[in-house]
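Okay, so subunit A shows up in both of these, paired with subunit B first and subunit C after.
Let's look at the complex of A and B:
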């Protein structure tokens, strides 16, 4: 099947893109102001000690040789030790990345599905009050400022009404209690995730809904919808079997395009909710000159975005046979 | 036996600038197994009639009056459920734009099977597939192409597959709306032959809508010529094409048949656009501004139906 070919070809393309990112980051980090040694040197060190440190870090080597080591280290999984945590970077990333992936895949999937479903319904009732109102609300959601809505939710749901945690991902006392099982722990994470998830959902669902609505309206004027109607299908069958699948294609494209941006926005969300994810870690690492951690965060975020794009591509090919060339 | 009887059908489109009468008081009848051709230039209301028969008109269309009696019962009075049952099972369509008539993300065979099973859920998928194989053999498409996607078909194959789908429920009537217009002449010829053969084999009635007089003359027993939403001449194929009497039919035919005719036609009376018939007051002749045979009295008196023979008549005061 040509679907396999597509996956293989896209994977190879992604490898190339990743290599470009890898090299670009290397250059960026060398161009960036400040240098790692100055942060580690303290006044009690002799110039000899400082030079020793430089040669230990390999910074006195020619640039190309540093690049070779850099690539080799990446492929052997050696990302160095975080200046701040004093632990291997891989460990830190390994703790943070799954939290980010959990929050973002669930928010993207939920908001895309809801956007497709509601957009379909609203398009079907075009011109009626429900269409007008939902369109206005979607536009408002789409233009909301993320940190503001996040803080608003914390204020309303966690502070005023209560019942939701202010921040974090887990309740430490529950996790330290040896009696609490996996079920309780899962429930605890979901409880903590609800507000950040709701925030991201509200920010994203509006644009998916609007895309689906206009795409659906366009699809409904296609000739094959007339064919379906002439065949004697009822309105629900026309909407769900013929119009819906075709109209949702642009939403899938938009999900692919917005993935990188949602990770960016993710840094904000993670910071406001102190969600222990990689976006927050990245901001922290950059502002503290923690070079190894920042570099690895950048790399792993790009890997996640690339893989997510591959998934979207495959999904698209699955939904639309015309692009399986 | 009369299969379809259309009485005084009028259909209007509501537009921002007013109401445009696309079909104006049209009546005709079609017997079982016969074929009727509707010819006329673009915008004269041919397609509106075809769509109106199955009530597939866009939302801004309004059926102002008339009755569409199919086997004695009025389609215009049908409930939604009855209408959905009638569509495709009793009256199916061959569409103008076969390129776009297929859902691009579903396999062609599945779309035909859907048509079969929606009207008879008792038929299993496998049995429906066998049915599709038979239909494909009939329209000369290799059966191993059944489950290909529409974009993997050529234009002619898509059109033949539409014909296969139109036959899938063994309807009594097929409305063929410009079925060959988008195809080149060789494929067009194949399609027309196919339609003729199938019509004869299954004794299906066909309403053939086209602006291509040559094609209509090839397929149809009876011809209706439309102009600005009205039928202006109707009769047997030989009568209308060999001895046209209405001035519009004459100029239409002369524009098609010979090069001389085209030149003459253009010099004499290139008709203005007839996309809207709002400028045509009830009871006046629509062709009057372009008519080479007009007489002063045409402006004040309404055109009248003149019978030339038992089957042949025209809407003109002076045709003989």
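Let's look at the complex of A and C:
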């Protein structure tokens, strides 16, 4: 099958899958017990008040009609208005998304680069103490409980030692200061990013390192590596120019998918560090039954993941001409 | 050489990032920094339903009356004096004090009339029910307003008049625009308000969404330098900065580190020891107007039998919950109205198992049940009065009691209520009543209990109970026994209904007090709800500020924020 046909077929599959997700999400949210009004446990709010709210939110319509509006609105680009913000959800997501992308894309890229580099090195020194220790440490990092390590870092670096901010993305005092220029503000964001970035780096780097190590070991046993040695290339050239790039293919795939999944922002990281991203919004939206915001967030994440899958499939076929579907 | 350069670069960048912005961080001594758990969602007063939006808005928009921190009775705020009631015309006259909106224009009776008309016209949820019984509002003169009620309503003075007043200048154009839309109410609620115009002690300076919100002192605040309710008001801080903390752990660290001055957030008792030892932090323990209770579904047997409910109340040891489950940071409840609400709280209520040991409770409860015809093959108390493991209880008709479920919120939502459920299960099992405590997600629990009424028993709570006891009527009047109604137990008692209806129109506070006391006595006799406990509010502040006003509900109130000032 040609690459063009592959892309067309995959795109059609994605459309079908997306429609299933679109409907599934709607059903899951609306069939789950509880509604936005029932959570407002305020005895001064009368049943009549509750009915007014239900009607205002459009929840008094039959489920099938709500579904029709939902699908129609989606395809006309109208994602609805958040129950709690009273603003279009696209606007809310649009405000939070760049913050999430900034933090998580940086962390995925940095940890992938480090994982590729260190994975390559330890595979090269297979069986030596450095290999054993780095593998053990990577496994530990990979299995660390994120909120625990995040709180530990905050306690050590921001509270005990000091210097790092406890939370947030900016220092409001500094941003209110008319004398602080763009350089200081940029520095302030980077300053706030360091701890969450370090946490995410430690959590992610282990898995990339292990993937790279395993892929590198497999690559090193390939015939072309033997050929390279027979040609008289030095070890550094064989490691960095022949084995390394080929072995990093699975990591590239993993990075592609991680970038897509990182859009959901690692809700836990964002919550602990009070990072104003889409992950925190998702938690708020789900726990407060803010259907439009939650649905739009999930749909957005689904779209990104599906597109990333398509890109990875195409990239695979492109990078390795032997692969055909 | 190249590696050394890289290392030097990274080291310099790291040090710059670590210390750079911190060194130049700008600080203002007269800024009060408040930590909150979530970002305010909106500054549209009609939409705001989340606690943090309401905290911010409570410093911008103001009501005609407020609660006195000591007596909890209404006291004049934007109004100059207490409302005057005229029984002949069923009307209240309210005189406004001289006040200005934050833009310098006068607050007038016309603004009050506009506010009421807007709420009634749009039927704004959360507000409409409080104003729906007002027939007409008239501006008598620039500072006098008269409210004509459809019929006498006692809650008008205690609940309606403590709602916020908005500026006609701000909201008239927005309301007119909303009216032209297909769904006017939705349009009104979805109106984006960037700079709310209030007459309170603070105005919005900047809201950086997702990170922080700044308020600054309102130079036109009517209370500035005035003595209201024997309290001289400020505000004495130039600005308030609301900072958002995602978790309580980090917020506590922020307070200890001096990053915030007040944590406007109920702190869990587990954090208290660490805070008490900190010299820079002061902790306040306040009573709360709250109610945590167990309710039976009295629509169905055998829970429709008040004797079974009284026996359950006898077995439940509220003191155990207070001392063991809530570590002493709570009070036991003996009525639906908290004792701190002293004017409305009734004395002489049945005290069921109060002061009894576990064995005495079992003896008393089993005696009550036996007298009503309940029986056991092996009773919980043997012939010599000793406690023994009983067999399952039989109903008065001889049939064994079926297993039933006590629904509780899950432990991750509220560990206290989940634990109380388990304890009640054990205590009921101790006399052969086959109860099982089952945690259920909070949304599902509410839907089951409030929506479709398919349950046996439940444990729920109200963390912010109104100081006006009209909620007794909401909880137990038979007209509220409907889907989404507050009478979740399905309690129906014509005598109670009659008293509740009379209490609504009792304009004489003493007469109303008597009716409210009688209502409590009936409820505690029939116990559709068994009151359990109410937690205390634990709050912490930096010692850099003083002047906090403690009242029921804590120090996070308008009085505090009008009086708090930096320590000299």
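What we mean here is this: the second predicted complex is superposed on the first by the 242 of 325 C-alpha atoms of A that agree within 3 Å, B and C clash if a C-alpha of one lies under 4 Å from a C-alpha of the other, contacts with A are read in each partner's own complex, and residues count from 1 in each chain.
As a working rule, a residue touches a chain if its C-beta (ideal position, glycine included) is under 8 Å from a C-beta of that chain, and two chains touch if they have at least 3 such contacts.
In this text, all values refer to a predicted model and were calculated from it rather than measured experimentally.
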Original post:
subunit A residues in contact: does subunit B have more, or subunit C?
Top reply: C
Original post:
Thinking of the overlay built on chain A, is A:242 touched by subunit B (first), by subunit C (second), by both, or by neither?
Top reply: first
Subject >> Touching partner for A:27 - first (subunit B), second (subunit C), both, neither >> reply: neither
**OP:** Name the contact category of A:187: first (subunit B only), second (subunit C only), both, or neither.
**Re:** second
**OP:** Have a look at where A:3 lands relative to subunit B and subunit C in the superposition and call it first, second, both or neither.
**Re:** neither
**OP:** Pick one for A:228: touches subunit B only (first), subunit C only (second), both, or neither.
**Re:** first
Subject >> Which of subunit B and subunit C A:15 touches, first, second, both or neither >> reply: neither
Original post:
Of the residues on subunit A, which ones does subunit B touch that subunit C also touches?
Top reply: none
**OP:** Over in the complex, which subunit B residues touch subunit A? Could you list them?
**Re:** 54, 56, 80, 84-89, 92-93, 95, 97, 100-106, 114-115, 118-119, 149, 151, 165
Original post:
So in the complex, which bits of subunit C are touching subunit A?
Top reply: 16-22, 24-28, 31, 38-39, 41-42, 44, 47, 49-50, 123, 125-126, 128-130, 159, 183, 185-186, 189-192, 206, 208-212, 214, 241, 243-247, 249-250, 253-254, 256-257, 259, 441-444, 446-448, 450-451, 460, 462, 464-466, 470-471, 474-475, 480, 482-486
Subject >> Interfacial residue positions of subunit A with respect to subunit C in the complex >> reply: 32-35, 37-53, 56, 81-82, 84-87, 95-96, 99, 151, 154-155, 158-159, 162-177, 179-180, 184, 187-188, 190-191, 194, 270-276, 280, 284, 288-289
Subject >> Of subunit A, residues touching subunit B in the complex >> reply: 222-224, 226-234, 237, 241-242, 245-246, 319-322
